[in-house]
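Following are the structures in question.
Look at the two complexes coming up: chain A is in both, with chain B in one and chain C in the other.
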Partner chain A sequence: MPKTQLTKDKLQQKVKELLESEKIEAFVGYGEGDLSLKKIPLVITRPEDVSKLTFDQTSTPLLSRYLLDGELKDKKVGILLKGCDKRALDLFEKENRINKENIYTLGISCNGVISINKMSEYLNDPTEYELNFDGEKVKASSKTGEEVEFDYQDILSPHCHICQSPTPEDVDDLIENEASEALVPIKEDGIMDSIIELEKASKEEKYQYFIESLNRCRRCFACREACPVCNCPKCLFDIENPRFLDKSTEESAQHQYYHILRAFHVADRCVGCGECERACPEEIPFYLLHEKIKKDIDEMFGEKEDALSYAYPDDVEPFEEGGEA
Partner chain B sequence: MKLTDIKKVLEEAFEKNEKLEEKYNICDGEKENIKSFFFPQTEKYLEFKRTDKGTEFFPVNNGLVNDSDGTGSDETDGAKEKINVVVRAKPCSVEALEVFDYVFLSEPVDPLYKEKREKTIIISSSCRELKNSCFCTSVGIDPYKPVGGDVRIDDSTGGVVGVTPKGKDFLEEIFEADESKKSEIQKLEVDQESDLEKGNVKTSTEREAEKDLANRLKDKLDNMQDSKLWDELSLRCLGCGVCTYYCPSCHCFDVCDYYKKDTGSRYRAWDSCMFSEFTSMAGGHNPRPTKKDRIKNRFYHKFNYLPKLYEKLGCVGCGKCLVHCPVGISPLTLLREMGEIEDEDKSISTS
Partner chain C sequence: MIKIAAFCCNWCSYAGADLCGSSRLKYPADIRIIRVPCSSRVDASLVLRAFQKGADGVMVNGCHPGDCHYVSGNYHTRRRMALLKNLLKFMGLDDERLEVNWISGSEAGKFQQTVLDFTDKINKLGPAEEMRDMRCQKPS
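The block that comes next holds the complex of A and B.
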């Protein structure tokens, strides 16, 4: 039996128990989407629906953010968490954004997820392929019969290369992922190779590199919305009066403004899930800005354990009366 | 020579002929969202400047007002003056232009759009391989029979034909400049067995089917105002702008002013109905305050309001939103819940 099937069986069994025993009212996990390369977030409430749950290296979206607001907020919910998703949940707890009492955390040991953006470095149209995972190798086959083989490493999300805790800690229960025999040798210093590369470049080269890539930005905000820690109830860039960010996409300076400011807002809280990188339709390497800031913080102030600052629900809205913008 | 080589054939013709080279600019309709040729993400209306004499306004090179004194914009980009020839325009994206024409060319006509639309030459061609993300046939579009376009490369009739006077003139001009291109273009042939011939896909060859579908979905949606589906979709949706920005038929825009010190400009820019501030009004009221209101509106616009207005769907099944949505939402989800597509396993309905 394929290892992903074994993992899936264990997951479904466990969730079935949780729902049947009424320990939880709903479970947030992954389901099959319309594209085989992307699992989708799925909320189920009935034990007979557990067969819809699945998990593999294409289960990319972060689930923790769904507990922040909306109808799941005050329910007894079970949630499937990879390492990064658990790190995000921990942050929400510190910030008082969730009620931990109501949440059953089902961890899953993770062996990284793929990035379709990475795949497009090798394939013209990644979504035309089905992936077959076999240990350290991945076979991509298209319906026209074309086959390409990769090292799993080649199409792994850049953030997963440096993930320090792919197996979530302090969870209510943990599902051992059958397919995870340390497929991913993790870089223990937590620094992306591309950061080291970039640091070697001259000032002008770096500038050129970022300008050229940032200018492709459509300002669709997928990078912001997909990020679990980018969760201010009112984002500075959405404020209309005064408008901080020009809607025009013609001025390079505005792209820089958006990305550098976002980098400063999230870098210290970033849980390194890589969803921002995967969400960007233009494949813009803006996340290197965050990674560089993280590295600088660590070097200059010593390794940080936690976010440098927290936001609390009763904080004064800085853009409203009484706040200090 | 393959049908898809039209781009190469034209590029060669242009290369050999300076006059053509100067006049035309080849754009790839497969690589780019073709709406951006007629409706760029940002388009300036005017610039303004505060001087001792008061505020002065300068219309920008939109073809409306001749900015001959040169005080306004300095963007006289050569490429902008050229005529765009959009090659490899797919049946889906060309269909989507009908939505655009409906919106921008009905009274009151939008002059910025009209100007670009009239100037551009669209070469539409049959689409021979359906991608995993395509579902044009589910919304009544025939990928082998492009509609629209000035020049059409059509499998079902065979060969390359000028459709509109503009398209015919364009072909004539190419042939006049380079006689050999005539036979080359005429010889372009079907390069592979299509999915249709292989039996991989069923397609409706009648445009009527699309009308039927539009009417059916419209009626069904009339009774789906309170469906739980909207709760489920809005829970999952992140509220970004991807689905609308990459959609060939989404056309909403915002008019904004931007100024620094004494100079500024007024322009329009793409907007997305999925953004929280999309319908927010002066004074702060927002008639669509929740994500649920917004995603519902997006689907109603495409599958109910537009069919009511002109019997066409606002979705051409190109699958762009499906490919780019970080959480895999697309009209397929809606069509499935409405019983138009069968696939129990992927149903999200939990009630």
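The block that comes next holds the complex of A and C.
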């Protein structure tokens, strides 16, 4: 039996028990969507529906944000959490946006998720393919019978390579992912390497790199919508008076504005899930911007969380007399 | 002619600029002073907006660390602007065009000198086209 099936069985069994014992009223997990490469968020309330639940390396959208408002708020709910999802949930708790008492956290040890953007380096239209996970290999087969085999590491989301805790900590119960042993996500620090490489590049090279990539942006806001921590009730970019960002996608200044501000707004709350990277239809490496701020925060202030909400007298002083950094 | 947007906090650097004027110390007319309640009111958004709409240099001026009228406002300015400058540099943009200065209400001389130095620097660098929204450019 494939290992993903074993994990799925354990998951369904566990959720069934929870719903039957009325410990929870609803459970938030993943279900099959229309695309083979993407799972969709799924809420179930009846024990007989547990067979719809599933989990594998295509279970991407983070679920904890669905507890913030809407029908699930203040209900007794169970939720399936990967490492990054748990980090997001912890953040919401710290910000007093959820009531932890009502939430049953079911963790699952994660072995990373795939990035369709990465797959498109090898395939023309990845969405045409079905995926089969088998240890360190992934087999993609199309409807026309074509088969391609990948190393799982090559199509893994860049953020998963540097995930701090793929196995969520402090959860009510943990499901051991049977597939996880074969697949150790941490291979290399690709994101940090790119940042360091760019830092060393000349000014012109840096400028060209970002102008070329950011100018591809269609301003679809998918990167904003996908981010679990990017959820202000009124977004800066939607304010109409004054309008900070207009509809032009021709002006590089507008792209710079969007991406720099987006990076600042998520940098100190980012949970490193990589949703933004996976959402981008243009495969733009804009996430390097918030990762760069995260790196600087770490180096300059030695803390990551909430670094932009606090500031102290003994912080480094980069502007002493004369204003030069 | 170059343009410089200078955000000055109400309590220190704006008072410094005021004193500079009333003491008849001369400084270049390239600068446009924008009074803000506290230097921490200035975030990345305002700085970028200034560059987009025609500024060639942006100054953020606040009270000396420790002297903030609101106790800790300028510590936030310091963190934020340090990160912003780093990020601009990372993107290959001219981070020298953004300067942060601590100027108190009695430092008229320092205000004058800072503006002189900064205008000098920006004059040498020339117009900041890399961050400009080109639609704001007058047809020449």
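Keep in mind that, in the parts below, the second predicted complex is superposed on the first by the 295 of 325 C-alpha atoms of A that agree within 3 Å, B and C clash if a C-alpha of one lies under 4 Å from a C-alpha of the other, contacts with A are read in each partner's own complex, and residues count from 1 in each chain.
By definition in this document, a residue touches a chain if its C-beta (ideal position, glycine included) is under 8 Å from a C-beta of that chain, and two chains touch if they have at least 3 such contacts.
This is a predicted model, so every value here is computed, not measured.
**Q** Of the two partner chains, chain B (first) and chain C (second), which one does A:T144 touch, if any: first, second, both, or neither?
**A** It touches chain B, and chain C stays clear.
**Q** What is the contact status of A:L308 with respect to chain B (first) and chain C (second): first, second, both, or neither?
**A** A:L308: touches chain C, not chain B.
**Q** Using the superposition on chain A described above, determine whether A:G135 touches chain B (first), chain C (second), both, or neither.
**A** neither
**Q** Check whether A:L198 is in contact with chain B, with chain C, with both or with neither, and answer first, second, both or neither.
**A** Touch status of A:L198: second partner only.
**Q** Which partner does A:Y257 contact after superposing on A: first (chain B), second (chain C), both, neither?
**A** second
**Q** With the two structures laid over each other on chain A, which partner does A:I297 touch: chain B (first), chain C (second), both, or neither?
**A** Touch status of A:I297: second partner only.
**Q** Identify the partner contact of A:P233: answer first if only chain B is touched, second if only chain C is, both if each is, neither if none is.
**A** A:P233: touches no partner chain.
**Q** Identify the residues of chain A that lie in both the chain B contact region and the chain C contact region.
**A** Of chain A, residues 248 contact chain B in one complex and chain C in the other.
**Q** Under the definition above, what is the set of chain A residues touching chain C in their complex?
**A** Residue positions touching the partner: 195, 198-199, 203-211, 236, 244, 248, 251, 253-254, 256-257, 260-261, 263-264, 267, 289, 292-293, 296-297, 300-301, 307-308, 311-313, 315-319, 322-325.
**Q** Note which residues of chain B are touching chain A in the complex, please.
**A** The contact residues of chain B facing chain A are 41-42, 129, 131-133, 231-232, 234-236, 238-242, 245-246, 254, 256, 258, 267, 269, 271-272, 275-277, 280, 291, 322-324, 326-330, 332-333, 345-346, 348, 350.
**Q** Which residues of chain C touch chain A in their complex?
**A** On the chain C side, the touching residues are 43-45, 48-49, 51-52, 59, 65-66, 72, 75-76, 78-87, 90-93, 95, 99-102, 114, 117-118, 130-135.
**Q** Residues of chain A touching chain B in their complex?
**A** 31-36, 38-46, 49, 52, 61, 66, 70-72, 125, 127-128, 143-144, 218-222, 224-226, 238, 240, 243, 246-250, 275, 278-279, 281
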